[in-house]
Every structure is written in C-alpha cells, then in structure tokens.
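Two complexes, one shared chain (chain A), two partners (chain B, chain C).
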Partner chain A sequence: MDTCIEKIRELSADLLEKGEVTKVIGFANGTIPMATSPIAIKTKQDVDKLVFNSTCGLNLANYVSGEKGKIAVIAKGCDSRNIVTHIVENQIQREQIYIIGVPCTGMVDKHKIAALFEDEIIDFSEDGDTLMVSSLLNTQTLKKQDYLKDNCLYCTHKNPVLYDVLAKDPVEEQKFDNLFPDVDRIEALDEDAKWQHFENLTKNCIRCYACRNACPLCYCPTCFVDESGPQWVGKGQNKTDVNTFHFLRAFHCAGRCTDCGACVEACPMGINVRDFTRKLNKDSLELFGWEAGLDVTKRPPLDTYRPEDPDDFIK
Partner chain B sequence: MGNLLEHMGIERDRLHFSWISSAEATKFVDVVKEISDKVRALGSNKKFEKDYN
Partner chain C sequence: MKFISIDKNDWTRGIDKSREKYQLFGPVKDENGCLIKKLEPDVQPDMGLHESVMSAKSVIFPQTEKILNASLDESIENHHIMQRAKTDYSPRAVLGIRPYDAKAMELVKLNFDTKDFKDPYWCDAYEATVFVGLGITKPGPFDFSTSVGTGPFCEDGLDVLLADLDDTYLAKILSPKGEAYTAACGFNAIVDEKESQALFDILRKEAEKNIVSQVKIDKLKEKTILELHEADFWDDIAFACINCGTCTYVCPTCWCFDIQDETKQKQASRFRNWDTCMSPLFTRHATGHNPRGTKVQRVRQRFMHKLKYFLDKYDQGIMCVGCGRCVKSCPVNIDIREVCHMMNSYEKQD
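Entry: the complex of A and B
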C-alpha cells in the first residue's frame, strides 16, 4: 500500500512544532521484522521513528483514553471507530484529540505469512500490493490481498469515520451480501459441535490477557479477571475458567466491538478470539441495526432503550 | 447473552429472563416451575463442570 508515511511525519512534525498537541501516537518499527509497536512521539526530531505499513494491526485508540492534554493519533478506519466509541463513553473529549486519518487497505496476517516459511523471517518490505518476505533460506513475493487478516477481509469501514485531516485520498469501501459467513458456519453446527469448536479454539490459551490489553474497549481500572473479592473467575488454566474468561470478555464488548482484530493480532498463541465477538457483532446488526463507532451522537444499543427493541426472550 | 451462550453450544433453556412485579406471586410461581421443568429436562450442565484433578 501507499504507506503515506512522509505525509504522516510531516503532519506530526507540524503539530508538535506549533505546540498544538503534546504528543503524537503512532507506530514504530518493532524489534523483529513484521512487528510494529505503538509509540508516543513528543518532539519534532523524533517523527522519523514513525512508520506505517501493512503490519500495523494493533489499535491505537487503546492509548488515548484518560489523556489530560491534547494529543494526536494516527487512525485507520477501525481505530477511528474506537475513538468514536471512546468519545461516546467519555474516555476522552473530542477537543482533546487530533485525528490523523489513514485510509487503510488492510493489514497482513503474520501467522499466515509465517506459515509459509520453515525458519524465522528476517526481512519484510512492501510495494503497493506486493509483499517481499525473506528468511535465511527463502525469499517470497506475495500478493497482499491473499494474506490479509480475517477481519480486514470483511472490513466495510476502511476509511476513518472521524478525522481532522486525512494523510491520503480515501479508498474504495467493500460491499458484501453477507458480512458474517464465519459466524454462519459455526451457527450451522449442532450444540455439541459448537461447544467442541470453542473448546478447541481456547485449548491453547495461556491466560496472558494480551487480547484484553490490546483491546481499546477494555479500559476498566480493575478487570473482572483481576478482582479478588469476589473472585469472579479462577485464574488457572482450567478449561472452565478459560472458557468463562473468553465468554465474559467477549460479552463486555457486545455492541461496542469494531472488529479491529487487535485481540487476534496480540494473541501469542494464534487463537482467533474474534469467533466470540463476531457473533455479538452479527446480533447487534441484526437485532438493533447497529455497527459500533460510527456516530459520536449515538449511544450503543445495550445502553439505551427503544420501545421497538426485541424483547421476546422476556417471559 | 442467550444468543452468545447458544452460539457456544450451551442449551438455550438454561438462561431465562422474566419481569415479575412483587404483587405477581402466581406469575413468579409459574415462571419458576417452568424454568425448573426445562432445566430438569436438560439434566446437569456437564460443559461448565470444573474438573479439579
């Protein structure tokens, strides 16, 4: 993709020089190839550290809540939707945040690429829609479209929904007849097969909580899993506790999840934890006609009452 | 919530919601009877059973 990094750096340097913002939150190169990490830039001299490419799969909205001064943040489509959610949930005021919007063409799935190589990847670069990935033994040229993250494949909000400036021209949005084929596949299973699917999904979970920490929605000062009085859920790797954690984490995101995929991106065990939240997103859309983070003036569906809300589950 | 539980393979009849006024004693009895009948029919929930071994 056209990473428009020069434009991002130029905008960031300008904002910092004028003193309009105290810091710019963006991505910097990580310690290994194909890993970018969030960074807060505070001086104009440091803007060269900023990068933007197809490996910036984390969600920067995670780092804006609770800020006191005015900050700038680099936002893809999903990041901007989470910023909207933060504004709606009073985690930050609109005036406190300067959004550098980046129309996004999708992020790559590192697990899919790593699976192509027998040894460790030592270099990654991209040019438009082509990715060049090499390990010591092998170099491969890949088409980016074939290695997108699953959530990017079905993304319908590539362009930021809220921004102060765009770093490049908007991209074309995708349209789908069915947004949730993955959910439908699980729904088609019988009860025991569904349970088995989720048991298999979470069996490698090490309870590191990376999914929770990467999620911009999870900003509670004390998470329910860390509470000790009462202790809502056991802390070990007992599968009942693991499943309870995943079920409750997902439900806390009901009607708020933007399907940014940061949870999956952060998971060291490659668990597709989106299998839980996707069902909630589908229900939000079907029952309430709701997609999270599109409008700062609307409260999420579980937070409001409308007479036409479905209530056939109440006897 | 029921939908997500069902999605995970938990029987739908294990979760019930009802709105009962403090003056509706008979409705309370009816609802509790219905719930206990449905749950009894399903049997114990082995899926969320915690194995301590």
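Entry: the complex of A and C
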C-alpha cells in the first residue's frame, strides 16, 4: 500500500516540535517478519521510528485512554471509530487528541499467510498490492487482496471518520449487499451444529486474555473474570468458564464493537474471536440502524431508549 | 551410550505398541496451529517442522489441575477434610518435543523439587514421564537456544533424543527411562555407537550453524539488581504491552500458579491454575493494595525474574531456553532478545 509514512513522520515531527502534543502514538517496526509494535514517540528526532504498513493490525485507540495531556495518534478507519467510541464513553476528550488519519487499504492476515508455509516465515515485504513472503524452504509472491484479515475484507470505513489531518487522499469505500455472510452461515446451522461451532472456537483458548486486552472497548478497571470478591467465573480451563468469558465479553461489546479485528490479531491460538461479536454487530445494524463509532454526538443503542426501539421480544 | 535406528515405516507401529503401557502426548497440528496434546488412540504425533505454539510443560503441569478434594456432606466421615485428588500417574511419554522443552523442565524442577519442599503433583508427573525429543534440523528465525546454553540437539532432561535421517530416526538413549520406553515400542536395532555419535555431532553442528538469532547474557550476573530495576528503559519496553498472559503461558519455563477453591453441591475441590505475572490480580492483596499495580512494574518483573533473579538465585543460567515462542506469539512484539540486550549492556548514567 501507499504507506504515506513520510507524510506521517512530517506531521508528527511538526506537532512535536511545536509542542502541540506530548507524544505521537503510532507503530514501529517489529523485530520479526509481519510484526509491528505500538510506540509512543516523544521527540522529533525519533519520528523515523514510525512505520505504517499492512501489518499494523492492532488498534491504537487501545493506547489513548487515561492519557492526561494532549497526544497525537495515527488512526486507520477502525482506530478512528474506536476513538469516537472513547470520546462518547468519556475515556478521552476530543480536545486531548490530535488524530492523524490514515486511509487504509486493509491489513494482512498473518495466520492465512503462515498457513502457506511448511516452516517459519523469515522475510516479509510489500510493494503496493504485492506481498513477498519467504521461509527457509519457500518464497511466495502474493496478492494482498487475497490475504486480508476477514474484517478488512468487509470493511466499509477504510477512511477515518474523525481526524484532524489526513496523511493521504481518501480511498474508495467498499459497498456490499450483504455485510454479514459469515453470520448468515452460522445462523443457518441447526442448534447442535451452532453450539458445536462455538465449542470448537474456544477449544484451544488458554485464557491469556490477549483478545480482551487488545480490545479498545475492554477498559473496565476490573474485568468481570478478574473479580474476586465475589468471584463470578471460575479461573481455570473448565469449558463453561472459558465459554462464559467469551460470551459475556462479546455481549459487553454489543453496539460498541467496530469490528477492528484486534482481538483476532492478538490471539496466539488463532481463534476467530470475531465470531462472538459479529452477530451482535449485525443485530445492532438491523434492529437499530447502528454502526459503532461513527458519530461523537450519538449514544450507542444499548444505553439509550427510543419509543420506536424494537420490542418484539416482549411476548 | 546406546543408539538405536528406527525405520520410519516401523515408527507408528512401535509407538502404537507402547500405548499398552504408556499414555502418549505429542505435537498435534490442527487448523489453528500446532499444540502439545494427549494423543487419542488414533492420533499420531506431528513430527514435522512446526514448532508447537505451546511448550510441553502442560504434560507435567496442566493449565488447570485438581489437586485436592473434600466432601461437604457432614454425614460422611472426614467431611471438610481435603484429600489429594486421584490423578493418573501411570507411565506417560511425550513424543517429538523440541529438545529445549525438556531442558526447561529441568529449570522448572529447581522450583518444584527442592531439598526442603517437593511439590507432589509436579514431581509425580515428572517421575511418570519419558521425554522423547526430536533434534531440530531447521531452526526457526526465533530460535536463540544456543545463546542460552541449550540448543537444537540439547540432551539435558531428555530420555531419548531422535535425529531425523529422512528414512529413519536415529535414537540416542539417554536414560533407563528412555531405554524402557524404546523397548516397549519394540525398537531394538542397535547401531554402532561411535558412528552414530559422530553423525549426531555433525547434525548438531549443522543445526547450530543455522541458528541466526543470538543474545548476550554474559554481563547479567555482574549487574546489581537495583541498578537494573531502576534502569531507564522499562517505560519504553512496557509501552506496547497489553498485559495479556501470552508470553508466560507459551513459555516452557514460566511456572507460576494460582490456587482456586470451587464447590459444587456437596463437593469441594481445590484447583491449581497457571497464573501470569502480567495480570494485576497476580499480586493484588486481599486489602486491595497491589505492590505491582502498574503495567511497567509487571513487565519489569517478568524480565527481571527470568534474566536476573533466577540467575542470581540458582546460578544455573537464565530462566529461558531460547525457544522464541514468546517472541513469536506476543501480540505487540515485545522481544525478550532485545530486552536481554538492554539489560546485559546497561550501564548506569550518573
């Protein structure tokens, strides 16, 4: 992709030099192929550490809440939507945050790419829409479009929805007749198969909570699974407890999830965590015409009441 | 030392035969990657190139383990008195593991099996287990095992070390346990010791040459704890950390645990679960006070424990076997090799 990194660095250097912000939160190069690492840049001299590429799949809104002074953040479409959500939920004030928006052409799915190789990937680079990936045994040239993260495939907000400056021209947004074919597939299963689908999803979960901790929505001071007085959920590998964590976390994200895919990106076990949240996103859209994180003036549907809210569930 | 040659055509038949006496564990590859699991009767270990996401530690130290039981039924004798839970400690073998995973068990043993205290659950499981390693011929880019005193053909802690020779496995028998296991498999084609050792040496040297990743740990010992603790780099290292438990759970040498009591009707059970020093709950006192209340304190703790406290306490190297799993799995790419470098080269600025 056109990473517009020079522009990002220039804007960041300017902000830091003028003292308009105390730090710029962005991505730095990782130490291994297909990895980047969130970083806080505090001086103009350090802006060269910033990078932006197709492996910046985490959500930087996760790093802005609780900040005191004014900060800048590099934001893709999804990051910007979670910043909107943070503002709506009083996690940060609009005046506190300078948003360097980056129109995004999608992030790559590291699991999909790793699955093509017998051994470990030792090199990854990209040039426009072409990815070059090598392991010791094999080198492949791939089309980026074929290896996008699932959430990027169905993204309709590639351009930041809230920003102070854009680092490049907006990209064309995608349009779909059906945004939720994955949910339809699960909904079409019979009850037992549906349950089995979710059982399979959690079977390798190690409860490291990377999904939760990578999620900008999960900022509760103490998560319900960590409460110990009283304790709500067992902490071990009991299946019911593992599932309870995933199901309840998903419900807590209902009407708030921007489908950024940071949970999937973070999971070391390759669990498609989005399968828990997608149905709730679909319901939010169908029942309330709602997509999270688009408007700082609107409250999410589950903490407002309108007389016309659907109430078919009341029999 | 005894060496056995195993024709790969006989491998499956042999290990299936061993199932009569041993429960088997080993790497299993599924759509989400490679994990070490108990091998069901029809499942064979994956002896391929993939490193398992999780180490073999769960074979000895399960993520959740019931350790004690009690009945709350007052009509029963000894009600409310905890008794050791029944666990199957019949012989088990873990096959095809990375050699350094067995070395990691030896490091963990320093905590669980001491002169004064023996953890019965860990010790009994360790005693029951045969470790069959597979030499790594093509080390991955994350492997820095040779820098930390292990390596792709490290023998420490293993009972059998296999070398993959395409059509055959050459097995080096390293202990009586290993001898008994290979006998149970019916593997008995003894081959010349000198030649075999020479072959092992060649393979080991070749594999070690292919390790591209190195760290330096030579100066860690001479640093003072307080200077490292107060070093100026911790904030920067910790910034990206999301405080998940991935690094600690994938680590073969992380052994911290939490004790949980659960009751169901008249049955009480005490469980031991893996815990992670990345979690605020790990150190939160009953009063609510938390001596490691901030992220940076927790990140520092993990690295200080692995690379300094353990080294100082036992003088048996650092608590890391160089597998690189944490490097690969960390969602935000915090790299222990970099942290190790910072600590090893740290000089206090006046």
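The rule is simple: the second predicted complex is superposed on the first by the 314 of 315 C-alpha atoms of A that agree within 3 Å, B and C clash if a C-alpha of one lies under 4 Å from a C-alpha of the other, contacts with A are read in each partner's own complex, and residues count from 1 in each chain.
The rule is simple: a contact is a pair of C-beta atoms (placed from the backbone, for glycine too) under 8 Å apart; a residue touches a chain by one contact, two chains touch by 3 or more.
Keep in mind that this is a model prediction, so the values were computed, not measured.
By the touch criterion defined above, A:Glu187 reaches chain B but does not reach chain C. Contacts of A:Pro268 after superposition: chain C is touched, whereas chain B is not reached. In the superposition on chain A, A:Leu280 makes contact with chain B only, while chain C stays out of contact range. More chain A residues lie in contact with C than with the other chain of the pair chain B and chain C. When both complexes are overlaid on chain A, the residue A:Ile32 reaches chain C alone and has no touch with chain B. In the superposition on chain A, A:Asn238 makes contact with both chain B and chain C. By the touch criterion stated above, A:Lys143 is placed in contact with neither chain B nor chain C. In the superposed model, A:Ile122 makes contact with chain C only, not with chain B.
Within chain A, the residues touching chain B in one complex and chain C in the other are 234, 238. Residues 30-33, 35, 48-51, 53-54, 62-64, 138, 140-142, 239-240, 242-246, 249-250, 258, 260, 262, 271, 273, 276, 279-281, 284, 327-329, 331-335, 337-338 of chain C are the ones that touch chain A when the two sit in their complex.
Residue ranges of chain A in contact with chain C, taken from their complex: 30-33, 35-40, 58, 62-63, 111, 118-122, 136-137, 204, 206-210, 212-214, 226, 228, 234-238, 265-271.
Chain contact summary for the complex, chain A toward chain B: residues 183, 186-187, 189, 191-198, 234, 238-241, 243-244, 247, 250-251, 254, 276, 279-280, 283, 313-315. Looking at the complex, you find that chain B touches chain A at residues 1-5, 7-11, 16-19, 31, 34, 47-51.
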